[in-house]
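In order of appearance the chains are A, B, C and D, and numbering begins at 1 in each one.
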Amino acid sequence: MTEQTSSYCQVGSFAVGNRLVDPHLRTVQSDRLRPNALTSGHRACQGCGEALGARFVLDAAMAATDRQLIVVNATGCLEVFSTPYPETAWQVAWMHSLFGNTAAVATGVAAALKVRGDTATRVIAQAGDGGTVDIGFGCLSGMFERNDDVLFVCYDNQAYMNTGVQRSASTPAAARTATTEARGREPGNAFGQGKNLPALAVAHEIPYVATASVAYLHDLEAKVGRAMELHGARYLHVLVPCPLGWGAASRDTIRLARLACETGLFPLFEAAHGEILSATPIRHREPVEAYLRPQRRFAHLFADPPRTDDIARIQAIADRNIGRFDLLGERAGKGSR
Amino acid sequence: MLRQIEGSRAVAEAVALCRPRVVSAYPISPQTHIIEGVGSLVKSGRLKPCEFINVESEFAAMSVSIGAAATGARAYTATSGPGLLDMAEAVFNASGLGLPIVMTVANRAVGAPINIGNDHSDAMALRDSGWIQLFAETNQHAVDLHIQAFRLAERLSVPVMVCMDGFILTHSVERVEIPTQEQVDRYLRPFAPQQVLDPAAPVSIGAMVGPEAFTEVRYLAHARLLEALVCIPELAAEFERVVGRPSGGLVSAYRSEDAETIVVALGSVVGTVKDVVDQMREEGLKIGVVAVTTFRPFPEQALGQALEGAHRVVVIEKAFAVGGRGVLGAQVDALVSDRGTKTYTVVAGLGGRSIPEASLRRVLGEAIRGELGAMSFLDLDRVVVDRELARMAEDPRRAPSTARVPRDVRENAARIV
Amino acid sequence: MFQVRIHGRGGQGVVTAAELLAVAAFNDGRHAQAFPSFGSERTGAPVVSFCRISEREIRTRSPIDEPDALVIQDATLLRQAGLFAGLRSHGWVLVNTTKTLVAIGVAGFVAELPENHVLGLRATEIALQHLGRPLPNTVLLGGFAALTGAVSLAAVVTAIEDRFSGAMREGNVAAATEAFNLTRGMVGTWATRERSAVGAPPD
Amino acid sequence: MSEHPFAITLDAGSSRDNRTGSWRVERPIYVDRMPPCNDACPAGENIQRWLYHAEAGAYEAAWRGLVEDNPLPAICGRVCFHPCEAACNRGKVDEAVGIRAVERFLGDAAIAHGWRLPERAPATGRRVLVVGSGPSGLSAAYHLARAGHEVVVREAAPRPGGMLRYGIPKYRLPREVIDAEISAIEDLGVEIRCDAGVADIASAMAEGAFDAAYLVLGAQLSHRVQVPAADSARLLDALAFLAGTEAAEPVAIGRRVVVYGGGDTAMDAARSAKRLGATDAVIVYRRNRRKMPAHADLVEEALAEGVTVRWMSTISRVEKDKVLVEKMELDSAGFPQPTGEFTNLDADCVILALGQDADLAPLAALEGVEVRDGLVVVDAQMMTGHSGVFAGGDMVPAERTVTVAVGHGKRAARNIDRWLRGETGGPPPRHELASIETLNTWYYADAGRTVQPELEAQRRQTGFEEVVGGLDEPNALFEARRCLSCGNCFECDNCYGVCPDNAVSKLGPGERYVFDYDYCKGCGICVAECPCGAIVMVPELI
């Protein structure tokens, strides 16, 4: 009997791999010989989303560049848990300088490569949200503005986890941190504008900006792949749940990353040269409560009495994203499955 | 080639002869002409290949240099005063990582009050950053020191700061012999880094080190810096062989062999002091001057020898530890006081204040006559200071609990001047 | 040691004038040191630059408090207090003006200086004529060379040629040369005159 | 020792010296859970497993997996009432996987390609008598033969197949399908003697020197229900009617046919009547549709073909050309109660489909056989009270479906084999059920169920052509791939990919994965993100 291929396959588009999918459609993570840019023995917490995100991104980048990659890392959890003397978990050329200068160091690396005519080796800078949206933003903006040939990756876990969960400009409204305690008349982080770094990156009109999530590996790897096809300043913002800081079960890391997207709180999109190109549609929309409830940082919203007004405000944020990015495909028309 | 040239421009030419591959630039007075000069040489194609990067801050300037040096590129940048402090974290980082970056510091005061004039507060603030610090006396010296700095940095894998007085040197147009490219190429080989980011041989640079090894790391950095005390004279000698001019080294003495009074100073003021020394020698006074070219690592042995036999040492300092003493003065005192040599610290030239020869002659005369306090401020406007101290003493907001303090301050001020 | 202080306004090439003077001295085989007043003055503000010229290496970095010569690029600066501060008793003064020294009110001060040590030169006019722009600095350098003899015209011309290119080079060389010749003529003339006759040459 | 600057620069990957497995208080382990389809399959098929092969397009391997348990996939692929699909977890996501359709596709593929059933084990020298060649007898004969026993099947009817042939209309089960799968079993060396009914089991066993017997006599005696009828009334027995459709000259039924009963047989009778020319085929049933025992898809198909149903109705009396129908109503306990409201219904003929009983006469001489409520009592090993005599199918208490019969045959065969070998003990314990809660269904791509083609309505009125068509290959593949693989790893690489500590090793196709407990910190993400629930956390032993 002649075997025919069916484009449909159980989990082909969503799980890490699948024996039924054409090898070239499988993720880098499904490869038995994947690079493991971040290897075993690191000291990340159980269920660390950032460790996962970093391996996802760097493995994809290594695959895209034939492993010709140099990585510059900001101070933060990722740096501390990966390189405590005398052991490093990195299997990629890697450097850590400071907290706030990662983009500039990467610029220097890129310049050194360019000046010696090395066009094969590519540069990634990576930082947590603090090292990106707060202390690192000056250097990052400069790198963007000069259009230096660097992909900057922010692993956003929405607070300063390395120092014990303090608020950053990426901490969501109402979230409890060590510096936004869940007490008083407005418990948790204030409802402000937030610092929307992906939008700021888009405003720099750099060649490529994307958001990604550890829960959407195919999407993430495709974005890394596209970013590595391009030159100039590029930015990837990856949501990486932190079991410690979010007060969530270690097993729920990917689930929460997924819910952040499925609620509309963390829209996945791509932009180039200042224009939004596309957004990843929500497959199964969830109310924000489904995302908030499993996290102790939002527990005060569900106390007795519950803070339904705050939940509604968070829902409104999600709804706004859904509308802005057409996350339900209402304007574009539902894509065929 | 002998040229009448602005100091900044001469340094830019010298830096270009050293073939840096990545130069990061952020404008700040009085350093700006240097990076303008290097930028011009890159734009004109005289310095190539070279990536000249206009960054958004001094912090970024040093950070770009860190990245470039770690990737095996010879990296250079320049800054001044507040700029040096802006990059302070990265300055420590560069030395901690052992990256042989060369940076010009066109020395400038640090505010507030904001002041763009020259003094050494910037370099002194980072004297313990693990960098080698060289101080140029003239623009010729600055040119020579930059060329030696690259060699020294790469030999030891330690960054080097070449300090030159802002405006006084950077903006002076004077006679400078600029070596030929051939000479510099003979002296300074292409950069062969001790560690490098290489995808083919990946390492992790910049590990986190805890208390179990941090002391050892620091000790090794110290040892490496002390090694520079041996390297610097060697490299200066080699420089003289190649370029034909003695320059650099640890300390430089002038008419100090038989001197009873020796002035010790950093940077361009040494030239003025030399003229004063000549004048006072003509008056029959046994006086000389020793310039500290290498301030970090501190050349204890060389300076100690140079000061041997002096009855008194007057340290002219363009910075001081507020609430403490002179930085250089304290170190000199520690070096010679047990020989019975009296030391004086004269704080001078702060924030671009001129150091007139007459004032120097006066203060040195006071030292010789034993009339000078251990620490004094050259040309301090006593009228202004006393008036202000008096006002403070009478300020009712301060009066209740600190009634005595202003008086102490006044007494103290009177003692040290 | 011959020390010069140049007064002007921001944008008039005051610093360049000192530098060109130093280069010219260097071209004559002397040591020289030019430096600006170290401030952050903006366009139009009064600025000062300095130049030392010596047969020997210049080591001092002390300020020039007692200049041997003053170059005043803008006569309106004469209203400024302390303009002549420290000028040595044998000193020279070169002023950019179309008027007589009497008219600009410095006759009294000038009277205390040696004869033919003070000169008014219509430098801006000459600059406009050769450069089309009111940049008096190279014109005054030519005059300064003729007035003081501290540098040669050839050295000034070479300094200008090294500094400028194209039409600016030719214009500046021509302007400086004209000023030199004009000044030499005037100084020569004035050397035989009464002191009271000191003033601008007749048209 | 590193050649790099001390402590500042470290050698790549040196963290592997740090065995983070010591952080763990719980460890993940791989498990195989019982998929609900397998759990629900009366034939005990390992559905998830054979779908796993089918998903890869390995159809012969899939068929081989199938016939490990059931030698009649082309038959069951048509007539099974697929309790697997009712249990299918995918039914809670979108729609259940069309397992039966894929099974049929595989069964038909086997026939088309002539795939041969697996070889027999070496002969044991033991002889087993199977009485009845219905699905249960065929199943038992097949499994016994595979085990190496000599099997003789005795069938009273002229052709093998029992109710497959004589109880299920052709339009549901084409006869060539029956013939093909039976002959495949015969090819294995099973002897089927037709027109060879057994009047007395004991003597038949003795005569044939059989060591054991499996009795599957079926239930072919129509249930006797007292329906008052005029002498002239035309009453037919449904089973006889259906069997008669196999004959060259079908019985005359007239134009208006009333079928009395609510089971599958009633549906088959009504639909067959339609095909034999009845303009009206009316089913009279005493309860409502929800309570109707007939399988829903048969009801659907019947209604689609124009069969009508009088719900909540009983026949009080049958006249020559009409029946008197009484309206019923359900009492609080859900039982129908008469209302006294009567209506007449025109009827040329009434077909009674009120159930069947077993004829247990051949067992009369067997000692120890216990009969209760007209059915033979068997133990957990399907053995009657008479040692060595096993029974199954419609004559024992169970649901009377083809697949249940097939399952009986398999179980009986395995127990007979064990009994013959003197072994005791039952099958291994069943795995824990892979309930929907154990799955992470987000990962499965959205995909509606494929629809099998159906014969157009016109042709369903006029003949016995098969109504429901099979899936073509792409559709069968698609349908197979809708399987969630509940409770059984299908190598999606999720655990391998989502481990933050790279503590999962991928062993390659078919080899699954192993945990590297040197580094596994026990975060449990692999458990949470396993789509099919094939990983569980267990406490670390102290």
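Quick note on the criterion: a residue touches a chain if its C-beta (ideal position, glycine included) is under 8 Å from a C-beta of that chain, and two chains touch if they have at least 3 such contacts.
This one's a predicted model, so the numbers in the text were calculated from it and none came from an experiment.
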item: Pair sharing more residue contacts (C-beta pairs) when A-D is set against B-D; value: A-D
item: Chain at the geometric heart of the assembly (C-alpha centres); value: A
item: Inter-centroid spacing, chain C versus chain A (mean Cα positions, whole Å); value: 66
item: For chain A paired with chain D, centre-to-centre distance based on mean C-alpha positions, whole Å; value: 49
item: Inter-chain centre distance, chain C versus chain D - centres from mean C-alpha coordinates, in Å; value: 114
item: Distance from the mean Cα position of chain D to that of chain B, given in whole angstrom; value: 91
item: Set of chain B residues in contact with two or more other chains; value: 97, 202-207, 209, 213
item: Two or more partner chains touched - positions in chain D; value: 7, 10-12
item: Junction residues of chain C - those touching two or more other chains; value: none
item: In the complex with chain A, residue positions of chain D that touch it; value: 7, 10-20, 23, 55-57, 59-60, 109, 113, 442-447, 473-474, 477-478, 481-485, 490-494, 496-498, 500-503, 506, 508-509, 516, 518-519, 521-525, 527-529, 531
item: In the complex, chain B residues that touch chain D; value: 96-98, 157, 194-195, 202-207, 209, 213, 216-217, 220
item: List of chain B residues in touch with chain A within their complex; value: 21-22, 24, 49-51, 53-57, 59-73, 75, 89-90, 93, 97, 197-199, 201-210, 212-213
item: Complex interface listing, chain A residues touching chain D; value: 1-6, 8-20, 26-27, 29-30, 32, 36, 38-44, 46-49, 51-52, 55, 82-83, 85-92, 94, 217, 243, 249-255, 258, 283-284, 337
item: Interface residues, chain A side, partner chain B - complex; value: 67-70, 72-73, 79-80, 82-86, 88, 90-98, 100-101, 103-117, 121, 138-139, 141-142, 145-146, 148
